[in-house]
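Two complexes, one shared chain (chain A), two partners (chain B, chain C).
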Partner chain A sequence: MNERVAIIGVGYTQLRPVSSDVSFREMIYEAAVRAYEDAGIEPRDVDTFVAISEDYHEGTAIFDEYVPDQLGAVLKPVHTITQDGLTALASCVMQIKTGLFNIAVLEGHSKASNILYPSHIDAFALDPVTVRPLGFNPVFLAGLEMQRFLVETGNTEYHCGLVVAKNRATAIKNPIAAYPAEISIEDVLSSNPVSFPLKELDIARKADGAFVIVLAKESVAKRLSPYPVYVEGVGWLQDTPNIEMRDLVSSLYLTGAANMAYREAGIRNPIREIDFAEIDDTFSYKELQHIEFLGIARPGESGEMLEEGYFDIDGEFPVNPSGGNIGCGYMYDSSSLRGVYEAVLQLRGFAAERQIPDVETALIASWRGIPTASGGVVILSNRE
Partner chain B sequence: MEFKGKSLKDRDFKEKNILYTDWHVKAHYAWDCGVALSKFFEGLKEGKLYGRSCPECGRVVIPPRMFCELCFKPTDKWVLLKDEGRINTFSVSYVNTDASRREKPNVPAVIEIEGASEGMGILHLVAHPEKIEWENLEEVLSMIKIGTKVKAVWKPSNEREGAITDIKYFVPVKEE
Partner chain C sequence: MHFPQKVAVLGAGLTKFMRRAQETPKELAFEAAKMALDEAGLTIDDIDAVVLVTAPDAFDGVHMNGEYLADGAGGSKKPYMRSFVGGGSGVFGIINGWYHIASGHFRTCLVVAEEKMSSSMPHPQGTFNAIYDQFTERPLGVNLLWIFSLEMNRYMSVHKVPLETIALVAKKNKKNGLDHPCTQAGIAGDYTVEEIVNSEIMCWPVTRLMVSTVSDGAGALVLASEDFAKKVTDKPIWIEGVGWCLDTSYWTNRDLYYPKYVEYAARMAYDMAGIKDPRKEIHVVEPYDPFAYKELHHLEGLLLADKGEAPKLLEKGFWDRDTETGIPSSPSGGLLGVGNPIAAAGLMKVAEIFWQVKGTAGKRQAKREVKRGLAQAWGDLMQVGTVVILGK
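Moving on, here comes the complex of A and B:
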């Protein structure tokens, strides 16, 4: 099938630190109803469903069995991906590209507030014989990487604090964000040390919520939607699981994923051909590292560009107009679907108070969080 | 029969003669029941079974849910159901979760609750009406079959906590 694939519907719930009034089913149903209404479809029109979940984040084994009801997917083709949201989006695109499916639905959610010992779950992901017995809280991995990244590139803790202040403040204009705030760089720099040089406010706090996204092949999309947003390129890959062997300066997983997506989208010069980006900022330094290794800035230059306002929402290349994970809340593997949701609103011109004028092309880049080195990149465009 | 290699004994694990990892992950979770299951469990605490009805297809579903998974419409009414029903299917189980054998079997069953739509049931245990424990398969089969009418036996109200175990079990009852 040579047709492009488009996003024709997006549904969300408010992102919140806790959501004890609704079950995961009721939360996802709310997002699904909004997405189907937005796309002008009923669940019976959907040919295939893809969901994101990780059993240890959900609290049951074989969580994929819990997927169908709240999406209207009973007795329909469904599969679950235990990977980052953009990898799951790539799976939807691939299924449509086979020519066998016209409409695909992607779901991701977080009930992070229900995980009582999240560091223990992260620790269980570490190598059982070479790393785990050392007994560190897994957040030390971010400290190790931040240290090496800052020393090698010349970016500073001050720049990291600026990322936090920018994203928390940007989130004030995003009605779904969980952690909007006016905070100063000094607040970040003086917050509790966690794993030097990482401090408490450098870390995105977790949020509950759900996103549902409807995709369709171009001919169907044009019939159904007055404002289809096209998936121009996708890329995803993983670095080695051996933490000691990784390049801890460069986020090579995103360089590779971006090259894959840029190639498909025909992008040669990302900073000139892309208008804005939603980029993983689970830790403050990650936004800078990802900007540099996506090819948006040269290594060592992102901090100064940030200081000059280059990545502000009204800057030359806005990064995280939604407020990012730091402003909106970290949703594990579903975080990147918030980036997709934001990009679709911006490309439709529906982002209200935080609308960036005249945008045509967006980049979304994800990282799967500690202790992984895997990520994805998606290029979206509203160009016919 | 002789096999090549060295066989492992329990003490090889205990004495760490082999590389062996044992990690007790603290996989503890809160569980947000939401609107539908919270009402269901509140009902159990009061000795009541609540279902929910779909305005589109008219089904009454139990355990209740806030949307109909077939029509994809919000359900809109609470329906108080009887604490009795009929056995949709049952099994006679001789194994515990840890795979050890049970001397006396227990009987898990799907019980279609009266007043709910056909096929709507809850999973629970069926016990012997007088002595609770079943002696053996033959005794079970002599008293229950698919379609047998059963009624809930509840814990005393001061012991109920809003859990599925507030119903101790179901027992077969005579047809009226």
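Moving on, here comes the complex of A and C:
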């Protein structure tokens, strides 16, 4: 099938540090109702559903059991992708492109507040034979990588602080963000050390919430939606899972994923052909690292460009106009769906106070968090 | 209806199924992937994308188990996707790989299924408690045997099936399993119905010999686009149909005697394969058989027998491997006869259909001519059906 695939509906819930008043089912339901309303469809119109979850984040084994009811997906083709949101979005795109399906729905949520000891869960992701017995807190890996990245590229802790200040301030204009704040770079630099040189405010805090996205093939999308947003390219890549074998300077997973997405979208010069980006910033240095290894800035240049305001919401290449994970809250694998949601709003021209003028093409990039080296890239555009 | 790009199966690999493998999960995945690539005559460099399936992370005791297994499965530095539908994952992996290629995104895809249940101590049934609803069911201390015994009892009551007839499934599969090179030590055998019925009661009416075992193992399949397949083989085996369906999580609100989700998944696959009369057009079938009654239950869901008829056909030998007029069911030995490393067991079923259609199943080859076969898996809370149809 040569038709493009478009996003025709997005649904969200407010992102919050805790959500003791609603269950994950209720959050998904709320986001799903909004998405179906936005797309002008009923759940019975949907041909296939994809959900993202990781058992250990949910506290339930085989979590995919609990997906169908609140999505209106009972007795339908439904499956789970235990990867980040963009890889799951690629799954929806591929399913539609087989020609078997017209409409696909993607769901992602986070109930991070249920996890009492997140670092214990992260430790379970380390190699059980060679690494886990060392008994360290996995966030140590982020400190190690940050140090190596800063030393090799010449970016500084000050630049990382600037990322945090920028993203949290940008989030003030985002009504769904969980952590908007006016903070200074000094606040970040003087916050509690976690794993040198990583500090408390360098780390995105977790949030609860849900996103549901409706995709359709082009001909159906044009019939249903006055403002379809097209998926021009998807890419995802796995670097080695062995932490001891990785190059800690470069995020090769995103370079590979981006090359795959750029090729499909026909993008040769990302900084000229793309108007803004929603890029993973789970740790402050990750935004800079990802910007450089997505090919948006040359290695070592992102910090200075950031200082010049290049990546500000009113800059030449806005990065994280939503406020990113640092401003909105980290939702594990669903974080990238917030990026997709923001990009869709911007490309439709519906982003209100934080609207970037005249945008046509957006890039969303994700990373699965420590201790992984895998991520995805999606290129969206509103061009007919 | 639109027919997607054709997808071929080029090779399959299976490790031996074991109660307690000495290999790490990565090594199991590697072994199966290497065997599948060898049968296809390819190397990992020919593979554009990798799909991995493994059932709950709690078995291996590794969070984000897909990430951990990536290099063993050949997914390092490649687009690598893990999909998941509980026990149905083994067959779903093939469906996931199928859409990688049918969408036109990739030429080749390696699908790897791995399961290491023995890491779960003292017994993986403890892990199964964590699949239930945390408020209403988990506090009861239930496991999987319990839910199966309910469903089996319901099936037997509705269709008035005697326990001895259900035991025939275990007898057939455990005998078929004797011929499978990967079969787990000590589980296949030539048992009598009395031995099966009188074996230790696990949770009435399920007895020890009517339930599949805990296993470690891995399997892999190489898939390719039509253009690629025609360059490397003269006789490709095609994926003719795929189907999957998930029912409500509220399993207590359903009548358990009939798996409607399997029927819906099967209808989706039959439609895609252009099959009007599955009883004539399917020549061999590998239904999921973690428990003896499940095979009959699924054969009815797959529309290969009327509701309540599968046990009667079983008594007549309709599902035997050497049948001339029937449809051989679980010629591999199935989960009862080979072992049940959850995701790898599902993939084993697809691999068996691949070898049956290719005509290289050796001693397990069905007597009747096989042009098309169906593999099915099941999982979650009696909830998901996954179906793949392979043909020449």
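FYI, the second predicted complex is superposed on the first by the 384 of 384 C-alpha atoms of A that agree within 3 Å, B and C clash if a C-alpha of one lies under 4 Å from a C-alpha of the other, contacts with A are read in each partner's own complex, and residues count from 1 in each chain.
Following the convention adopted for this analysis, a contact is a pair of C-beta atoms (placed from the backbone, for glycine too) under 8 Å apart; a residue touches a chain by one contact, two chains touch by 3 or more.
Bear in mind that the values here come from a model prediction, so they are computed numbers and not experimental data.
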For this session: Look at the residues of chain A and decide whether chain B or chain C touches more of them.
Result: C
Problem set entry | Touching partner for A:G59 - first (chain B), second (chain C), both, neither | both
For this session: Considering only touches as defined above, state whether A:K111 meets chain B (first), chain C (second), both or neither.
Result: first
For this session: Go through the superposed model and pick first if A:P128 touches only chain B, second if only chain C, both, or neither.
Result: both
Exercise. Of the partners chain B and chain C, which touch A:S184 in the superposed model: first, second, both, neither?
Worked result: neither
For this session: Check the residue A:S219 against both partner chains and state whether it touches chain B (first), chain C (second), both, or neither.
Result: neither
Exercise. When the two structures are overlaid on chain A, which partner does A:V74 contact: first (chain B), second (chain C), both, or neither?
Worked result: both
For this session: Considering only touches as defined above, state whether A:D239 meets chain B (first), chain C (second), both or neither.
Result: second
Seminar exercise, completed: Dual-contact residues of chain A, meaning touching chain B and chain C, are 56, 59, 68-69, 74, 121, 124, 128-129
Exercise. Which bits of chain A are touching chain C when the two form their complex?
Worked result: 1, 54-56, 59-62, 64-69, 73-83, 87, 90-91, 93-100, 121-122, 124-125, 127-129, 235-242, 252, 256-257, 260, 368, 372, 374
Problem set entry | Residue numbers on chain C that touch chain A, as the complex places them | 2-5, 24, 50, 55-58, 60-64, 66-71, 75-87, 92, 96, 99-100, 102-105, 119, 127-128, 130-131, 133-134, 243-250, 260-261, 264-265, 268, 272, 379-381, 383-384
Problem set entry | Sites on chain B touched by chain A in the complex | 19, 21, 23, 25-37, 65-67, 69-70, 72
Seminar exercise, completed: chain A residues touching chain B in their complex are 19-27, 29, 33, 36, 42-43, 56, 59, 68-70, 72, 74, 111, 113-117, 120-121, 123-124, 128-129, 132
